[in-house]
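All remarks here apply to the structure that follows.
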Amino acid sequence: MISGLIVTIVGMLVVFLFLTLLVVSTTVMSKIVLKFFPEPEKPAAPAVRRSSTDADIAIAIAAVKAHTKQ
Amino acid sequence: MISGLIVTIVGMLVVFLFLTLLVVSTTVMSKIVLKFFPEPEKPAAPAVRRSSTDADIAIAIAAVKAHTKQ
Amino acid sequence: MISGLIVTIVGMLVVFLFLTLLVVSTTVMSKIVLKFFPEPEKPAAPAVRRSSTDADIAIAIAAVKAHTKQ
Amino acid sequence: MTFGQTIANSLHELWLTTGLFGFLQAGGWGNLVMIAVGFLLLYLAIKKEFEPLLLVPIGMGAILCNIPFAGIAAHTALHGEFINGALQMHEMSGGFIGMFYDFGVTSGLFPLIIFMGVGAMTDFGPLISNPKTLLLGAAAQFGIFIALLGAVALGKWVPGITFDLYDAASIGIIGGADGPTAIYVASRLSKDLLGAIAVAAYSYMALVPIIQPPIMRALTTPEERQIKMEQLRPVTKTEKIIFPLTVLAACIILLPSATPLLGALMFGNIVKECGVTDRLSDTMQNALINIVTIMLGLAVGSKMQADKFLNLNTLGILALGLIAFCIGTSTGLILAKTMNKFSKGHPINPLIGAAGVSAVPMAARVVNKVGLEENPNNYLLMHAMGPNVAGVIGSAVAAGVLLALVPVLA
Amino acid sequence: MTFGQTIANSLHELWLTTGLFGFLQAGGWGNLVMIAVGFLLLYLAIKKEFEPLLLVPIGMGAILCNIPFAGIAAHTALHGEFINGALQMHEMSGGFIGMFYDFGVTSGLFPLIIFMGVGAMTDFGPLISNPKTLLLGAAAQFGIFIALLGAVALGKWVPGITFDLYDAASIGIIGGADGPTAIYVASRLSKDLLGAIAVAAYSYMALVPIIQPPIMRALTTPEERQIKMEQLRPVTKTEKIIFPLTVLAACIILLPSATPLLGALMFGNIVKECGVTDRLSDTMQNALINIVTIMLGLAVGSKMQADKFLNLNTLGILALGLIAFCIGTSTGLILAKTMNKFSKGHPINPLIGAAGVSAVPMAARVVNKVGLEENPNNYLLMHAMGPNVAGVIGSAVAAGVLLALVPVLA
Amino acid sequence: MTFGQTIANSLHELWLTTGLFGFLQAGGWGNLVMIAVGFLLLYLAIKKEFEPLLLVPIGMGAILCNIPFAGIAAHTALHGEFINGALQMHEMSGGFIGMFYDFGVTSGLFPLIIFMGVGAMTDFGPLISNPKTLLLGAAAQFGIFIALLGAVALGKWVPGITFDLYDAASIGIIGGADGPTAIYVASRLSKDLLGAIAVAAYSYMALVPIIQPPIMRALTTPEERQIKMEQLRPVTKTEKIIFPLTVLAACIILLPSATPLLGALMFGNIVKECGVTDRLSDTMQNALINIVTIMLGLAVGSKMQADKFLNLNTLGILALGLIAFCIGTSTGLILAKTMNKFSKGHPINPLIGAAGVSAVPMAARVVNKVGLEENPNNYLLMHAMGPNVAGVIGSAVAAGVLLALVPVLA
């Protein structure tokens, strides 16, 4: 029973300490990133899965073309 | 040779018994289902794989839109 | 050190012999194939992955149809 | 023996291998009950759509492993000779689900691969945008430890329940509301209870839309539930790449015992966010996680064998898991209320605290739904995603503490 | 030794590792023959399109495993020490195809995973719509048992052929016209014959369009072949979900030995039909079954090693497999003719009986083609799909009986 | 002990499991350094896009395996009893990346599966069209053997470097510029160096655009770089199907030790080219190769453990690998120059010789780029693809020679 209580106390202590530390480090990280790398990144890739894109586009184009010919 | 014959006789017996039982139980099952659940199901999902649907639809729509603009 | 030299000499010898043999056999293979099977094959399959084709075409057709009705 | 007698004899031998005969033996009724439970799980998964991706395989695993004489969950045996410092294999045998269990579950491999896939599907954007919500993911872990205490108490005072500290920790982790974390911890600390724990974890995750709303309404006022939160600022790609590395670094420095879980999760997330390994991310989110989900589900279900499952311990686990869930929800809500009082400029709707239990993304959706009931224009989904994914990190951290501490204290 | 001598020596050592040298050793010609057979299988698979998904990997497996000194089919060895009740591994070795065989085939794992995928690709609708056709799937299993009797007879009276009852059962199952079932049964009862049995099973399945039509024409009249069948009633989603569970339940009660096969099949089918686990079904039908097909094909092909394959037994297996196939086709046809006579209101075209051997979906297509020859407006495809999938269930049931009965009687 | 003391005690126990404590122990700084190297690899992979598909998993593997007390790279242990000629398993344990390593890398399985996928993605058309370019793929293997000699010399004369002939061969193969080949050979001949060798191989492959151009410009004149080559004739489907079989046949006859590598490569290629097994080819190119890439990358990275990696040997490997790369590039260029002199009718641009090192398709792209700098209308990409894929065959052949010869001579 004692060991259960210890696990509980130590456990919640560590969980809170750790996540508090994460709050701090994430905040700091964001500040640094936004200061030194203010989004010079390439535009976000489209949400579409890349692997199937080519085939899909080919088919979509083919479908549209087929329709155009009608 | 004897044991071969036994396996054959017992085997075909069991196969026929089992599948006959399945005929009966499938018939009964269908009757019960059709009586108590006469297709109140949601409309049958399209045969299309769900996982790729979103991307595909996006592309198809894009293709149609592209065509519309022509 | 000696064994290193031996591996080197024998190794490069074998690599060159083997790839030279491949040059010869590939050339011969091509000659035979082009003489006896001058491309009576079916037209090259489209680059599209077969497994996803049906669903994709269904969607493309649906999209085009939807467009037609507008 | 005449030929007819031999035939009759063979039919009798066949009768001795039927399930009907098996169910009539000592303990056979238990198998029948568990098969019924398996069918019930299938029903709940398919008809009620309770976490079907997991409960369909688990239900089928429960059915298959309780078939008499079939040995589908039998342990693996590697046949061969041990010579020259090597096991020279010539055959492997066992039940096919038993093999999934031996190679994938006892090793911890399957839950970690699932976690990779979860990482590749998780967007930490809302959390980075509002890091304070990490604390809600911490508060919701109280459920874990209260359930742990309860399990220790049951083990001590209730006859027929045999929980030790290892078992208690594994039971508590149900309150983490994370299937893979629960399975990973149970496979490390308390293998015998794995089946019941996994079933409880996934069942309660599936029951989130039923369990949480009453608690949410009881602990918040209508005014609180109507609080509108500020829109989340957009997060840059660089932040999304560095965040998982930050979490991993903190975990390396302070809590190595949580790094298998958080390492796998953050590996998956990096692969997704970095933008140059899309084909790996795609496979992690689809083929790989699906294959492992199928095998893991069957393997977990196979731990629902009657002789191990039908006892008081299982009842205790189901009860404690529910308690853990409710307490985690409550403590999350209470901390969110408190935080709201102390952050006047940036109001916090206490409902999002309930999402801290994880159960991604169901708990966040429930928050959104309960919020909309009060104010049809207040969309809390994105705000709840922060504590929701924080809950995943929080329970992995709690798991790390348990894995590090329990073997020392027990 | 001078430097030149050392070089010459090394070249000689290298010569001793060449395939040319290997083929010139005792038994080496056999490897050469089997490599040629492998190339022949590739030719048939690619040029003639005989079951290419299986025969390309099998052919390549046959080639690779017969390469002298390469050891690509060598058994697995797990290197390490056995201490504290555990094999502490530090290395695994063996040929890469040998590992596929040891872990996937001797364990029965690969055929069962394939069966999951088959289940996820199977539509039991036509069978549910017309359950009587299940009997055609039973009748076509006569081929299995006749071939079994033939194998026992050959083993007893032909010198050089060594079949016992285990072997006979494994050979008979070729008549089931189901690759995974044949491999599963052979891996349980008669591992040494696995290669020949698998090759025979897949070859005859590929040869269905050549083997079946003459038999179909011989056993039916033109009038019978023109019989039009009533259109099949549509089947509801609920029926499709409950049917696999019904079959599984019957199998649990009566024939647990068939539950690994039928359980895997019906699990795949449930995952497909239930409509809430599409991503698992998608993976079962694609990535998972393809990965396992590659590995299973190579592993099965690797059992075509010259020293085990080039003997009278293999000839016997090929002959008996063909006989099993023909008899199964015939008994299916005959029962369909008989059923047609006794069910005036609902005519049955006897051709669909031939589809009862399974070989899905090839046999059903052949039925359709032969039917169209007689009457260009009579499409039998959907009607033949019923007995076709019934044949899969039928041979799994027959497999279950063999697995339960043969160890008792042998 | 008072309760407060017990809490303090537990916190102290927890402190003993932190990474911080671990880094402060003897040798702990090494882990910290290797974790930093892992982060550096991630940076190079993500920001500089150096072979990210491999370097992201490798970097993450390096980080995870150096976490103190986490044991993520711990070897596998199979728990159970050895009875009746079989290891009756009841549990498997170990670190999850350690399991990938034990089952996939020491066995040679992962590199061979990758090679299947590479085969399924490779188009041998340009090579069949211009078979002479196979010789360029041979010439570029000089780098392998020069590095081998260098390694032997270092091992003999530099104190602190311990290379024997096995190690030297494994190091040389870095010059083959083929990740899977390098890993396969190192896993056969010199497991302890596997981490450094794999990292060197992939790093230099990633650095091709930086390493090769200066050498290319130094060894060719502007006139040579402007040489236009004749357009490649189209290749028929039949040729593309028969070519891999031709290579395989030659390899069977002359060099069985290379057949695991070339067999896997050509199996993948046949599956792709034959046109009737598209679904297998699709899976090889996507799900299967991606899954194995993830696991292989993590496993290779896990060999960067500080105590094995931070030593003079690693420095030697990195230096020799670079030398091998440069020499391979040079000898490829030189042979191309020579061939150009002797084939007046059909001019050969010497730049394409540099693609003979393989590093597909990066090296061919670099050739194209350097060619375009000199003449903006001279597209060499397709011409360079011939030697490029020839380089894959060439280094597999060199690997075969090393695997056959080194054990005899060492």
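Order as written gives the chain letters A, B, C, D, E and F; numbering starts at 1 within each chain.
Convention: a residue touches a chain if its C-beta (ideal position, glycine included) is under 8 Å from a C-beta of that chain, and two chains touch if they have at least 3 such contacts.
As the structure is a prediction and not an experimental result, all values here were calculated from the model.
Of the two interfaces, C-E and B-E, the higher number of touching C-beta pairs belongs to B-E. In this assembly, the chain whose C-alpha centre lies farthest from chain E is A.
Of all the chains, the one whose CA centre sits at the greatest distance from that of chain D is C. When the contact pairs of A-F are matched by residue number against C-E, A-D or B-E, more than half turn up again in C-E.
The distance from the centre of chain E to the centre of chain F, each centre being the mean of the chain's C-alpha atoms, comes to 38 Å.
Centre-to-centre separation of chain C and chain F, using mean CA positions: 22 Å. Measuring from the averaged C-alpha position of chain C to that of chain D gives a distance of 45 Å.
For chain F, the set of residues that touch two or more other chains comprises 10, 14, 76, 78, 80, 82, 87, 93-94, 254-255, 275, 279, 282, 286-287, 401, 405, 409. The set of chain B residues touching two or more other chains comprises 6-7, 10, 14, 49, 51-52, 56, 60, 63-64, 67.
Partner chain D is touched in their complex by these residues of chain A: 1, 3-8, 10-12, 14-16, 18-23, 25-27, 29-30, 33-34, 37-39, 41-42, 44-45, 49-51.
The touching residues of chain D, when paired with chain B in their complex, are 3, 6-7, 10-11, 14, 286.
Considering their complex, residues 10, 13-14, 17-20, 22, 35, 39, 42, 45-46, 49, 52-53, 56-57, 60, 63-64, 67-70, 72, 76, 78, 80, 82, 85-96, 99, 286-287, 290-291, 293-294, 298 of chain D touch chain E.
Listing the residues of chain F that touch chain C in their complex gives 127-128, 131-132, 134-135, 137-138, 141-142, 144-146, 148-149, 151-153, 156, 165, 168-169, 235-239, 242-243, 246-247, 250, 254-255, 275, 278-279, 282, 390, 393-394, 397-398, 401-402, 405-406, 409-410.
By the touch rule above, chain A contacts chain F in their complex via residues 2, 6-7, 9-10, 14, 51.
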